[in-house]
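Right, one structure below, let's go through it.
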Amino acid sequence: MFSVNVRDHFMIAHSFRGDVFGPAQRLHGATYVVDATFRRANLDADGIVIDIGRAADALRTILGELNYRNLDDEEQFAGVNTTTEALAKVIADRLAEDVDGLGLDGLAVTLRESHVAWASYERAL
Amino acid sequence: MFSVNVRDHFMIAHSFRGDVFGPAQRLHGATYVVDATFRRANLDADGIVIDIGRAADALRTILGELNYRNLDDEEQFAGVNTTTEALAKVIADRLAEDVDGLGLDGLAVTLRESHVAWASYERAL
Amino acid sequence: MFSVNVRDHFMIAHSFRGDVFGPAQRLHGATYVVDATFRRANLDADGIVIDIGRAADALRTILGELNYRNLDDEEQFAGVNTTTEALAKVIADRLAEDVDGLGLDGLAVTLRESHVAWASYERAL
Amino acid sequence: MFSVNVRDHFMIAHSFRGDVFGPAQRLHGATYVVDATFRRANLDADGIVIDIGRAADALRTILGELNYRNLDDEEQFAGVNTTTEALAKVIADRLAEDVDGLGLDGLAVTLRESHVAWASYERAL
Amino acid sequence: MFSVNVRDHFMIAHSFRGDVFGPAQRLHGATYVVDATFRRANLDADGIVIDIGRAADALRTILGELNYRNLDDEEQFAGVNTTTEALAKVIADRLAEDVDGLGLDGLAVTLRESHVAWASYERAL
Amino acid sequence: MFSVNVRDHFMIAHSFRGDVFGPAQRLHGATYVVDATFRRANLDADGIVIDIGRAADALRTILGELNYRNLDDEEQFAGVNTTTEALAKVIADRLAEDVDGLGLDGLAVTLRESHVAWASYERAL
């Protein structure tokens, strides 16, 4: 199995609902450094998993819709805790739509929220 | 599949028995930067894999029992080479006990011993 | 000249005023991974620049006053752009007070806001 | 499952054929920081996946055959795009030959070409 | 003293002349991950050292003139060893021209050529 | 001012004397990832600060005398706390002797003991 990864980042404000989140129930924020990993059993005719420029553009576009926003004000996240795990799935599912039909077998999205914590979501395509 | 990772570290002395270890048969030591990764097919009602504070506390407690020690003097490791691989399993198995019943599907523990070498152990839950 | 560095992090929401900030004028947020570096011309009698536990505690306490907050709501920052540079100075000046009298010669604080951008402030003591 | 990883690097010139590569069709170059990961279900009698010195030597030897070369001039790559993905497989397959008979269950090779892009190939043994 | 840093990268082919370079006298290549650090004694009216977007654009433009090229074919480097050190100065001097008049006090450029080696050039403005 | 940096590591056991060290008074150990930075106002005739191969060899030799040892048993450290700071100076002073006469202006040695702590010593030549 082959994989190709591209990295980008976005910066948002948000708050969480639920006692388990302690002080993170207050409005705060995060930088998420995002790794998008595309998997494919066999390389295409050019010898690649995916055009890395296309992959980077797709990721930048998807993160651009979240970047510099307060997620608490975004209708798409109404009633949802925008945890690192949940955001990883949102981004992975949007990337999956974007690369549909390119012959990929899977993808994973990892969001690093600090030097000591991160979360991932991985799925088949 | 979702994953959440927390990072911590511990510092120990030890030595190895066996010609394959060369100069590492002498008493020396290591810093291990530890990544504990918890996996779960579906998020819980709060939208998380595991409470990250609880995960970090569990890891800190387990590493605290090893930290600042000479593993050659620890009864629990009598007759065992405390290689990076073997320590990864010890820590993973203790974490597995700690998070039993939380609905997790697997976990992995990675011990980084330098900028050029690390070892992991991963298991189902 | 000797230096000792400890690393920690905090997560905040804020917005900026001024055209130069473009979309960052909206309420958003950041994780800041903070490196606090203490400098000293000569080591003390124990052979250290500063007790690393004390340094880490001082940094954690200072970051704890900012962590999980919306800086736009904090009176101490009224009328001030809480840029990465400006926050680095706030933290450095608070650390300077905390370590006053310990014989240090200088300190620097670096705030890493992503994998591609950071800011520092350094001063004499 | 246990894993052990060793890291090394090599520096090469090359060019790509195909419109998808844009300006990378010109002769340029790359540093590849290489992670070779060896997997094994159970540790051997010494408590290891593989002798880490042997693993590092095997990787260094294989990378030495590529290092400081223009891959466009290498007969072994005639008619092949030496993409990061393709090189990961070349190195993984050579490592697989080298460690044949040691009881390993799989290996993966990751080539990091910058702070924002990398590629991997993983296979069973 | 305040500093702000932005990171980008470029990928080139080149060769060196001189026995000291050993096998690096052959045509090979490198990825350089570039950190451009801008220094200023006092923040401007917006509370910044330099507009980070402008800094990133300036760096991208300068690296774009080098990226995906064989430096041995570039007239500007005729008769010059394009060592990491020398390239750091070329980029720093071009950045210095670009930011002239902005009130900065100094800048530094660091080129990371692998996980184990890098070079810097720093100068006043 | 130009700088060139090479990275290597060593792994030792040791203990500290003094209440300030708390549990680190017990025999434990550390991996130190070492950055040796060589400074020079002007490049030499080859366009370099120092032959990077020679720099890496010098560092490897000096670290080799410490690697895989219990520093508490080394006569050279009798009565001395082998703190990270103190070891940085030991290595810097040995490197200074090794590169004497090469026209360098300064050097710095940084020892990273974990992902959250490091120490440096820098000196003129």
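First chain written, first letter: the chains are A, B, C, D, E and F, and each begins at residue 1.
One rule holds for everything that comes next: a contact is a pair of C-beta atoms (placed from the backbone, for glycine too) under 8 Å apart; a residue touches a chain by one contact, two chains touch by 3 or more.
Just so it is clear, the model here is predicted, and its values are computed rather than measured.
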- Query: Any idea whether A-D or B-F has more C-beta pairs in contact?
  - Reply: B-F
- Would you identify the chain whose Cα-based centre sits farthest away from the centre of subunit F? A
- Query: So which chain is farthest from subunit D, going by the mean of the CA atoms in each chain?
  - Reply: C
- Query: Measuring from the mean C-alpha position of subunit D to the mean C-alpha position of subunit E, what distance in angstrom results?
  - Reply: 28
- Item | Inter-centroid spacing, subunit F versus subunit D (mean Cα positions, whole Å) | 31
- Task: With chain centres taken as the means of their Cα atoms, state the distance from subunit C to subunit D in Å.
- Result: 40
- Where subunit A touches two or more other chains, by residue: 7, 115-116
- Sites on subunit B touched by subunit D in the complex: 16, 18, 20-22, 80-86, 88-89, 115-123
- Message: Per the contact definition, I'd like the list of subunit E residues that touch subunit C in the complex.
- Response: 1-8, 43, 46-49, 51-53, 56
- subunit A residues touching subunit C in their complex are 7, 9, 11-14, 23-24, 26-33, 67-70, 113-116
